[in-house]
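First chain written, first letter: the chains are A, B, C, D and E, and each begins at residue 1.
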Amino acid sequence: MKRTGVFVCHCGINIAGTVDVKKVAKELSRHPGVAHAEEYVYMCSDPGQNLITEAIKEKKLDNVVVACCSPTLHETTFRNTSKEAGLNEFQCEIANIREQCSWVHKDMEKATRKAIKITKSAVERVRRNESLEPISIPVTRRALVIGGGIAGIQSALDLANSGYEVVLVERSPSIGGHMIQLSETFPTLDCSQCILTPKMVEVSKHPKIKLLTYSEVQEISGYVGNFKVKILKKPTYVDPDKCTLCDECTKVCPVVVSNEFDIGLTGRRAIYIPFPQAIPATYTLDIKSCPGLLPIACGKCADVCEPEAIDYDMKPDIIEEDIGAIIVATGYDLYDKGLMAEYGYGKYLDVLDGLQFERLCSASGPTQGKIIRPSDHKEPKEVVFIQCVGSRDPELHCAYCSKICCMYTAKHAMLYKHHVPDGQAYIFYIDIRSGGKGYEEFVQRAVEEDGVLYLRGKVSKIFEDKGKIKVWGVDTLTGKDIEIDADMVVLATAMRPSQGAGELAKKLKIAMDKDGFLSEAHPKLRPVESVTPGMFLAGAAQAPKDIPEAVAQASGAAAKAVAILSQERLFHAPTVAQVNLNLCTGCGMCVEVCPYVSLSLKDGKVEVNEVLCEGCGTCSATCLRAAIQVKNLTPLQVHEMIDASLGGR
Amino acid sequence: MQKILRKKSFPQWVKKLESYKIYAPAKNGDVWNYEAVNHSEDIDLDYLNSVLSPKKIIFPQREIFLEFSTSNDGNPEINEVLPEENPSVIFGVRPCDAKALTLTDSVFGGDFDDLYYWRRRDQAILVGLACHNPPSPNCFCLSVNGSPHSKEGLDILMTDLGDRYYVESLTEKGNKLLNLGNKFFEEPKAKDKKDLEKINLASEKKIKRRIKEIKKIPPQLKEMFDSPFWDEEAMSCIRCGICTYLCPTCHCFDISDEVLSSSPIEGKRVRTWDTCQFPDFTMHSSGHNPRPDKASRLRQRILHKFQYFVERYKNYQCTGCGRCISKCPVGIDIIEVLDKVRDYGT
Amino acid sequence: MVNLEDLKKEAKRILEEGKIKYIIGYERSPNGMMSMPAFIKNPEDAERLTWDPSCVYNLTRFLVDEKRRKAKEKKPDTRPVAIVVKGCDSRAVVVLLQEKFINREDVYILGVSCEGAGVVDEKKLTEKLKGKKADKIEFSEKDHFLITSDGEKIKIPAQEILAERCLECRANFPVIYDEVLGEKVERRPEDPFKSIERIESLSKEERWAFWKEQLDKCIRCYACRSVCPMCYCDECVVDTISFAVAADTTAEEKAQKIKWIERSPDSSENFVYHLVRAIHLAGRCIDCGECERACPLDIPVRLLNKKLEKEAKELFDYEVGFDPEKPSLASSFKDDDPEDFIR
Amino acid sequence: MEPNPYIPKLAKIIQIKEEVRGARPVKTFRTQFLSENGFSFRCGQCAMLSIFGRGESMISISSSPLVEDYLQFSILKMGRVTSSLHDLQEGDIIGVRGPYGNGFPIEKWKGKNLIFIGGGIGIAPMWSVLHTALGKKEDYGKISLIYGARTSNDIVFKEELEELRKKIEVHLSIDVEEPEWKEFVGFVPINVLEKKPSPENAIAVTCGPPIMIKYVIQNLEALGFKDEQIFTTVENKMKCGIGKCGRCNIGLHYVCQDGPVYSWAELKNLPQEY
Amino acid sequence: MADEFEPKIVAFLCKWCSSAGSDLAGVSRMQYPPNVIPITVMCSGSMSPLYILSAFKKGADGVLVSGCHPGDCHYIKGNFYARRRIALVKKLLEFIGLEPQRFQMSWVSAAEGTKYTQIIKDFVEELKPIGPQTKLRRSS
């Protein structure tokens, strides 16, 4: 039988004041398998630890129980002590007789009896503990960042500047994301492009960053520190190295399609550069709108391309990368406008969404920063801004608050007033959420300095009438009906996870919340980690957020990734699930319940990925055949602990 | 000793037996079983076959062999536990079930007397009731050297003559019991004897099921040990323990330690019924199992009863009570199995 | 009505084609009152098959045996086995598929409709016949059974002798099959949990007294477990030793088999056994009622399973055995599962 | 009153020796009864050992009846009870009841050559008879031992075997090659063919894993041994030890009582259920 | 006079919330009756119904299972599985006539030392009038 040592701590009078520690030691010395039991005033002190070390050596103990304070305090201490004395660290368990006993009771006799049971229970457990070594895995010291918006850019730069190679994958032809579309940013009103383009250039020039635009993550396997990623690089049919940006090609291209960058306010050709500052600075041939790659079909662009940068034979490329950590920064899209018909969007040219309005305001936009109506190019004198379009509407649309709309609507109104000083801006709102540094002041400025009229209420109807857009609504503060003959209506539509994010999440095996945003591992304490070890979240992919928040989270995610990449090997607690293959019938119920995707079925039996398993044991309670259990807290151990807790009966 | 007992006097006789623990068939829901009775009026001898035979009184499903505990010096202490001294009378024992006890007697006797069994056996007085009507449609006692009015193994045999019982004491124990109720008994008259004969003859005729030419079966079984027959027959077996637990002759058991307290060690070593139909019955801890499948276990049950037992104790280990047939959840019928055995290969 | 000849014809056809290993079906017992399981290998034996109200067995139990047998065969015959299933039994197939215990291609399902009725309860029938044996039990016109006993034909309303579970059945037509015989007749029981409500309406002490009396009868023959198609674990919590032993299983592993339940038919052990059995079948039991039918002591063990079936329906809106793709009751949850019992 | 056959006598473990370490550990225990009245036994008989709270296990007695001071058991750690036995320390108390079984008909073997053929833990039951024969060496002819184990680590009674070499012919083998191993490499039945014991006036006793026994017997027969000259032991799961609990039977035989020792002439006529 | 009945309770506490909450009760020196022996498990999701039945069989007068509040599970969703499983066990135990007070479940966060204290106090008070649990307890 294994020889157990029991060490009962007085903790001064913290324990000894209520628990008869001598009696605990004496009772335990009679417990089967206990070869040594003693008490001491402070077990965690050096002399106390020495007692343990000596006893382990002299009494040839196989394992020890220290009856003392909560394991959260000194479990590590005593495990290290045991280790130094030659035991495996898991051959030490703590019996919590302070927080869970002496401190909460006054009756010495009863508290002593309870302490004895708690300690016996720990003895029964430790005797059945396996000696385990931390699971060690090598780390591929490279990161993958998915998404080239501000969050992805920030993460990539932080990682690269920490000295790690980064693969940055962006789905569209250029990085920059939605931020590059913005005119000015709140609350400082600095030019969005001016602050973002230097970062974009830094990305393109950074020796540690491998930028893959027009690319998508296709497949992912492996686990933390050791992912294998397959990336599909779609053909742009333009060799960026040869392209001189002369723009001759677009001039001859016969096809005009809606320009995504201006959200349809302008058109572009089938061969195009998304915007002048695009990174990589090159053209892309949009195969969907191109009449055909064969010179017979068209071929005009290739004809005029002097450097012969256009290559119709370009093929999709599958790039495989070994990756240690992944940051997902897939961003957001605006709520599907088709669902916003009630606001006349899509029906009336002068009903715009927030991003379109940004483009109208932008100096690089379709109107070079002049705010005019798309319908008749006249300057709008009355503009109605409507907040919470699609947000905070659990019945019909999204239940959540999109968080940034209050602020950007104030900004829009303000920018409008700056462009059209004699115009009137109205804002329909439910309430104003302006938490953030300088945010509340910004809103106040809009009201006080720019005379923006805030109307608390909902819009009931929008319709076109004699060149005006009639907006009917109710001011819920006054109870009065409101009717505005607007020249333009701007909708602050809800933010949604970007299109395709769900599909990607499935590939990555990251959970999504009910709205489709990616789930963080813990809402408070692990907000930038996904549930899957080694995968981190940045930006609006996780939840609606503004630029500073996205940037902060991106840096946070990068720091978390560095914590992995900076290790040569990763160590993982070895108290993980193990399978008894003889009992497993391969029903897969444990696979379904595992929160960490650490289980999978292989040849009709379940397999544990020890690196991913966190040892929660939900699998073990779900398994109908007792075929899976967590090391060192097995059903047998719990069974014996129950026995000891009930006084052996 | 032969007597007549008026039916109305039966409870009065039983009342005289207050120094004994009385068992009799009792109905619980739809099922009959032997239970201890407190009031003589509660005894209803107009019963169908009990689910379990009176075996469960002599050889209870759980028997404590010994108690173990830890002494002050930490060493184990053991304490033999024997059944209490408590003479009992079991009423309404079917002749087949009484005969079954004579079969288990040979197992629990021999070189090593099983004290637990014998203490209960010796203290029990078996008062049988001849089967007027077969208590089960699957009765076949006549095929296995029994009869509905067999006296084998009984201390007293009662036969229902309508308004009265014909009571025959067969042993000293039986005589003692009759003497205790002396005044309630009458001497049998010629008519009583004639009625008895008539009833006995009639009752035999009412038994419909037979194993034909049973003598051919043991040698035939010996030849069929390796036959694929058993695989076929066992297809529908679900490996439950009904046939053996309900069998009045099956005696297999397990011995295990039941721990009540693990610190300090305290508990009981108990005997519980076990059955050759369970796979853990013969499985070694190495994982090897000499009888690894349903077929070999069904074969064991049949061969034990109709070959091994015959070779060892010169008797079939079956008294034709029909319980295993009636209660088998999948309709395995030992008579049909044996019929097939007999005709196998011909 | 299911035409028995059609069943035999179909059985004969699939056996003749040779694509089926054998058929698990029903046949008349030469002596007993109820039919019994039949294993038909040869086309000419298809004649033996029967389908009548005495076909109480849930034959899917034998798919478990088949899988075990196949695993031991050196050169396994990989052809599917055919099986005759009633509505309830078909749901057992669904659960076995859901739990990946069998593959769809390993079984050829011959569904039979219970149409207006179901199967008989042997005890009720015996009582009705006052101990006489029924020689033939047939479906008759709607809601009646035709019993032949001692050469006499008696028509009995189905409601009077139907098995309890058939009275509460919600799936009298197979939910999964390759071939089905008989009409789909919608039949909704007035109250699918009547038997449970009867017990629930008792006081706590009455409930205890009821179960104590019932479960104290248990002799632990494990017929309830053995007859259950869902009790297919290689090793059961009540087994005395580890069955799942391989060459590399260490002595420690074998020694560590936990004795959650002792073998003694003691009250507490019996209770824990039956509670564990019920919990183990929660979200898996399809109420074929076989456990209760098999019990030699007439313990209404089915009610324990039925209770959890009721709770699964009421608390979690979970119904067993309709969708093999759905996650199991115990391996799924909803955010708004009730928690009013939690402090 | 008659003795209760189910009640074990308490015995103290006076010595524990680790024979084999590793995955298939074997320990040899010597026990002494606490009370005066122990029991006498024949070689080849078994005893039921108890650990109270864990259960009982039938173990063959590996000491010779000629030794009166103690009983010796060499036990392979296999299941619940044997694992607990392996956890015991010298001075601990266990229960012992028995002796059970028929034992070897050693009296009938007088004047004959004895060949012992064993594998693994199968040497334990033979150890008793081997030493009994050695104790009365003058009664028997030539005694030899052919013994093998999976690896050299798995050899039970290593030191004693070396001692034994001084008295009798000892042929050892292991299943697979090892650098230091100088003797036969291969399975025991092959070694039997290799060493070619003569059937002349001989008795062969073989104990070990069933598969080994099967081929040893085949090979002995090939060497000319008659069924009556070959003896072996059968192991089956046992509970009562006294022919009542019903699980160890082979046909009508209860191994606990009618076995465990069988001549091949007897055994081959019994059903193959062991 | 016979001693007042002191119920024996086994409390299965999840490591991250309820055990931490119980620790907080200690740190805050809150007082509650010493009738409860805590067993810390990793997650309420690891609670096998066998543990509960086993505790009752071994003579527990009451069993408590306590986990993190929904949404707060350290292991994301273990407590949701626990909630479902425990609900069924509780219904079943009540169905066979066990007093419902004997088996309880709670959500106790690491910050809820007070709540833990109150739950234990209430539990003990509720068990005292109904006396020892004999229904599932081994008697012989």
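The criterion applied here is as follows: contacts are C-beta pairs under 8 Å (C-beta built on N, C-alpha and C of every residue); 3 or more make two chains touch, one makes a residue touch a chain.
It should be emphasised that the depicted structure is a prediction, and the values quoted were computed from it without experimental measurement.
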item	value
Joint neighbours of chain D and chain A, given as chain labels	B, C
Chain pair with the higher count of C-beta pairs in contact (A-C, A-E)	A-E
Chain whose Cα centroid lies at the greatest distance from that of chain D	A
Farthest-lying chain, centroid of Cα atoms versus that of chain B	A
Whole-Å gap separating chain C and chain D, where each centre is the average of the chain's CA atoms	49
Mean-CA-position distance for chain E and chain C (Å)	35
Mean-CA-position distance for chain E and chain D (Å)	52
Where chain C touches two or more other chains, by residue	237, 241, 245-246, 249, 251, 254, 260, 266, 330-331, 335
Shared-contact residues (touching 2 or more other chains) in chain D	78-80, 82
Set of chain E residues in contact with two or more other chains	50, 54, 77, 81, 85, 138, 140
Complex contact set, residues of chain D against chain B	2, 4-8, 10, 50, 52-56, 78-80, 82, 92-93, 95, 210, 235-237, 239-240, 242-252, 257, 271, 273-274
Chain C-touching residues of chain A, taken from the complex the two chains share	128, 514, 580-583, 585-590, 592-593, 601, 604, 622, 624-626, 635-636, 639
Chain C residues within the chain A interface of the complex	99-101, 232-235, 237, 244-246, 249, 253, 256, 258, 260, 280, 327-328, 330-332, 335
Contacting residues of chain E [partner chain C, same complex]	49-50, 53-54, 57, 70, 77, 80-81, 83-85, 87-100, 104-107, 119, 122, 135-140
Touching residues (chain side chain A, partner chain B) in the complex	30-32, 120, 124, 640, 643-644, 647-649
